[in-house]
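Here the structure is laid out as structure tokens; the discussion comes afterwards.
For reference, chains read A, B, C, D, E and F in written order, and residue numbers begin at 1 within each chain.
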Amino acid sequence: MHSHTRKLLTVITEAALEGTLVRDLDRLNAHGYTITDARGKGNRGVRDAGWEASGNIRVEVVCDAETATAIAAYLREHYYDDYAMILFMSDIAVLRPEKF
Amino acid sequence: MHSHTRKLLTVITEAALEGTLVRDLDRLNAHGYTITDARGKGNRGVRDAGWEASGNIRVEVVCDAETATAIAAYLREHYYDDYAMILFMSDIAVLRPEKF
Amino acid sequence: MHSHTRKLLTVITEAALEGTLVRDLDRLNAHGYTITDARGKGNRGVRDAGWEASGNIRVEVVCDAETATAIAAYLREHYYDDYAMILFMSDIAVLRPEKF
Amino acid sequence: MIDPIILFFLLGAVAGLLRSELRLPAAVYEFVSIVLLLAIGLKGGVELAKQPFLSLLPHMLVVIAMGFVLTLVAFPVLRYLGRFKRADAASIAAHYGSVSVGTFAVVVAYLGSRQIAFEEHMPLLLVMLEVPAILVGIVLARGLSRETRWKSVAHEVFLGKGIVLLLGGLLIGWAAGPEGLKPIEPLFFDLFKGFLAVFLLEMGLITAKQLGSLRLYGPFLIGFGIVMPLFSALVGVGLGWAMGLSVGGTAILATLAASASYIAVPAAMRISVPEANPTLSLSAALGITFPFNVLLGIPIYYALAEWAHTFARG
Amino acid sequence: MIDPIILFFLLGAVAGLLRSELRLPAAVYEFVSIVLLLAIGLKGGVELAKQPFLSLLPHMLVVIAMGFVLTLVAFPVLRYLGRFKRADAASIAAHYGSVSVGTFAVVVAYLGSRQIAFEEHMPLLLVMLEVPAILVGIVLARGLSRETRWKSVAHEVFLGKGIVLLLGGLLIGWAAGPEGLKPIEPLFFDLFKGFLAVFLLEMGLITAKQLGSLRLYGPFLIGFGIVMPLFSALVGVGLGWAMGLSVGGTAILATLAASASYIAVPAAMRISVPEANPTLSLSAALGITFPFNVLLGIPIYYALAEWAHTFARG
Amino acid sequence: MIDPIILFFLLGAVAGLLRSELRLPAAVYEFVSIVLLLAIGLKGGVELAKQPFLSLLPHMLVVIAMGFVLTLVAFPVLRYLGRFKRADAASIAAHYGSVSVGTFAVVVAYLGSRQIAFEEHMPLLLVMLEVPAILVGIVLARGLSRETRWKSVAHEVFLGKGIVLLLGGLLIGWAAGPEGLKPIEPLFFDLFKGFLAVFLLEMGLITAKQLGSLRLYGPFLIGFGIVMPLFSALVGVGLGWAMGLSVGGTAILATLAASASYIAVPAAMRISVPEANPTLSLSAALGITFPFNVLLGIPIYYALAEWAHTFARG
């Protein structure tokens, strides 16, 4: 069984951004994404999901390095200043490279 | 404090598969697993968890490379064709290697 | 766009520990954390979140290697014996190193 | 005049089609459907206590036979006219051979608000109808020869949420009787229609989402989603009349026949016939047949039931 | 005597301030607010059916104008007296020009328990008041020149949860009429106050959390959170009286004017004016104005409404 | 005749043992228990308003003493007969010295459906009984010497969900009085038994899960889970009789004594005595004692209470 290297891009940001973000990802050639609900704390204070406007989402995108960099750059430019958001990338091995 | 390398296998698939998958993991020698509820999009379209049959789960298994490969191979053989599913692996450091 | 290496520390443990853990993280210089609800199985049996006392949380902290090691050591010393808990670390790339 | 609960369905559907932000948390949907399932069971159970079980056996057997037959009729239509793959045809057929509890609740509300009586053991027939289609569907997809894991199929079928709550409600209602249920009536009976409204709001939202995928699968599935229920309703009316049911009871049986499952069957098929594409059956059952039944079907089936009874009498 | 539902708010606030473990699951909060929004809409819709729509048009227009004006008044105060950044001032102004459905529910309960009548088309005015402030807020932040994506703004504004449920409820109530709603009354009307109590419990918990961030933003915001509603209430009383509303109706209009949005406006601002700091507006609206209105404001606004009517008559 | 709410418990337990798919979302369980806790508090509060607080003080003190004593009795039994580790023995003892609100609700329903009167300040005694056992348990596990963080223990104990809602409800009921609560009665009082049924359904599912782990810990824990409540009930009957409670009140006090906590105490022990194995105490309290009390215990305790009163009178 052959495995191939891809990037896993993880974005943690405000739940309010979900709709917009998903549209961005489609446009930026992500072949898919996975979202889980989260809470947390960062520079912009505690976001505890006790209440609609205070929830976070955790978005994962598996893609090639180029796409990951493009998405990261786009998000940084458009959202970093105004939204609670962090973003990180790691190397992963996938089985069916054609999917991502 | 010594740390040891293990694999983190992440599977994202349909919630309907949870029961079956958990039984498979037990049989394939995973010493544990962690599950979170998720939603997402991939080849098989949007799965938005708005509704029982349309939820995803995100399953993580920490194990040695061999077990990870065995689980991945098993899942690929049994579920890839019929279920919405992706799977990826990464290297992690753990503190108590005997647990995994 | 420059990226920098940091550690991603992931802790999976009992939901009952959330309050204490969050206070610990603050004290141990984590600049932030993200929490999702989870369920799972490990040495201490099935924890299925069907019921308040049986839920898990999955805590992620992005930080430098030193802080990660310090947190891991602290958690191991204070909680490993008495609580269902696992902990692992991986390398990630971040864009704004000053945040973490 | 249109029932207000139907308006909630339309509200949900319109909101969904306009891509509104409106969403019900999954937990609310679960809660509402748990209460509805229990309530339907409880109400049926109370009435069961009044009649000897044996007298119901013939009805139960007829209805089980109907479940088998409807599935077996739908399959070749889907396979040869619709050109679906074997597994897909079998799975869709199973959905249409089984029943939808939501549709049942709507027809009960429909008759209730028109004060039309019906036999109170209908919830029992509802339970009976859920199961046979699943078994037929699996056999159609797999054949009898290949070793199906029947034990786990049975587990999936009989211990799914729907059956457990309906049967559990039936038994509790039967054991407690009308007096015993008094203290829990406010939750299960007084709020029934309100919860049904919330449930239909969510069903509208879900239906709207299905319409997107329907476009992909073309006109055959849409046609099937309307013609099959009409055909099944005729069978239901015929059997209801033959079994000597009242007009109300006949209308309910017709509606049960016409309705397509979207809870029990999808879950069972996903595990037992995974190669069947779940989007096909769900988008037909939820995107076409559910709204058709709720908006147009039920009045039609009631009219058919009335006509059959008048005709027979006259 | 203090209304028990207010006591639930206090319980939540005290529990929150003492950092109790008490938390309501988000799904419960959602469920309760969905039922409240629908119930308010339904009740209004039933009454709407009784009067010709055209006769309400003047009231609707006056109220829309009020929403514009209040936002335009608040903005310069925040910008020049409060020294807030343009985007922040615009966003906070929009919150105060719009309305809070929770506060509306409390004033309705307040009048109800004192058996004071009011015009039943108030829910319609509530809906009217939600929107204009958002549009003004966006224009104030961006100017008209820069190309705002108005289509997506309109989507955000008109298809948000609140408006869809209120308007949906209005239409259903209007179509079904009082008779048609009978079967769903137990859920939507009988439980209204109970659900309001649970809602206020959660609001108390949320309010307590906001107080922390208030300390950061200093006394101006606190002062604004009290003085602005008082000013708006005066405007509301004046308009209510001029429009010929009853004492009850005038008190409600004053309360609507005084209330600050914490659902529709924050969501819209987050998307359309993201550079505005959401903590500022939310901590003022939830940490100061909501508790002020609920605990002290409503009785004051009612007294003002009474005084205006006595004064005018005398 | 068996209460229908008990049948819901059995339904849950059977579904759980058969490994049905049936699951209640955590949010539903939370919602139902929040409403139950508030309702119990409210009902008690209304009655408290009727009697001078001082007259209740003796009862409160007796009950607090009972909580201390029961825990101190259970500990050596577990430690020396059961051979449990110190921390485990202390933790289990604390569970049995404290109370279960679910069991309280069931005994209230039991008496209610038999129209047996009882003193209405029982919810106050329930609150009193929750706390002492926790403190004793911590001291037993740690000794007084080692520096326990009493401040955080107190926070954990007095600001846990259960106490806050019960006490909050008591205070609101006390302040609002029966008239004031009228508007929220439909949610908190009329639906009480219905919500209790849903709660017990979930408790049945949870109980079934505990049975698995019980097998691991052998017969001593099972025996303790039955004998300890019987012993405690005797103590409760004795004290109730000595305090001059009615038969109903005595039965409730006995049930409170017999019940074992599964919310407040586990949470407190997990933080304050983490080395105690939570599976031991939870599987005994939920797997044995809760079902025993609900199915058999309550009728026994009621019979004991009646017998004590007849005996004393005769």
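One rule holds for everything that comes next: a residue touches a chain if its C-beta (ideal position, glycine included) is under 8 Å from a C-beta of that chain, and two chains touch if they have at least 3 such contacts.
What you see is a predicted model; the values in this text were computed from it and never measured.
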item: Neighbouring chains common to chain C and chain F, by label; value: none
item: Copies chain F and chain D - interface residue numbers shared by over half, same or different; value: different
item: Chain located farthest away, centre of chain D as origin (C-alpha); value: C
item: Whole-Å separation of chain centres (CA-atom averages), chain D against chain E; value: 41
item: For chain A paired with chain C, centre-to-centre distance based on mean C-alpha positions, whole Å; value: 19
item: Where chain D touches two or more other chains, by residue; value: 23-27, 30-31, 186, 191, 267
item: Where chain A touches two or more other chains, by residue; value: 36-37, 90
item: In contact (per the touch rule at the top): chain pairs; value: A-B, A-C, A-E, B-C, B-D, C-F, D-E, D-F, E-F
item: In the complex with chain D, residue positions of chain E that touch it; value: 25-27, 30-31, 34-35, 155-156, 159-161, 164-165, 168, 171-172, 175-176, 180-181, 183-188, 191, 267
item: For the chain D and chain B complex, residues of the former touching the latter; value: 23-24, 26, 29-30, 202, 205-206, 209, 213, 262-263, 266-267, 270-271, 274-275, 278-279, 282
item: Touch list for chain E against partner chain F, complex; value: 1-5, 7-8, 11, 15, 18-28, 31, 109, 112-113, 186, 190-191, 193-195, 197-198
item: Residue ranges of chain B touching chain C (in the complex, touch as defined); value: 1, 3, 6, 8, 22, 31-37, 62, 90-96, 99
item: Chain B partner contacts - residues on chain C that touch it in the complex; value: 10, 12, 36-43, 56, 58, 69, 72-73, 76, 80, 86-90
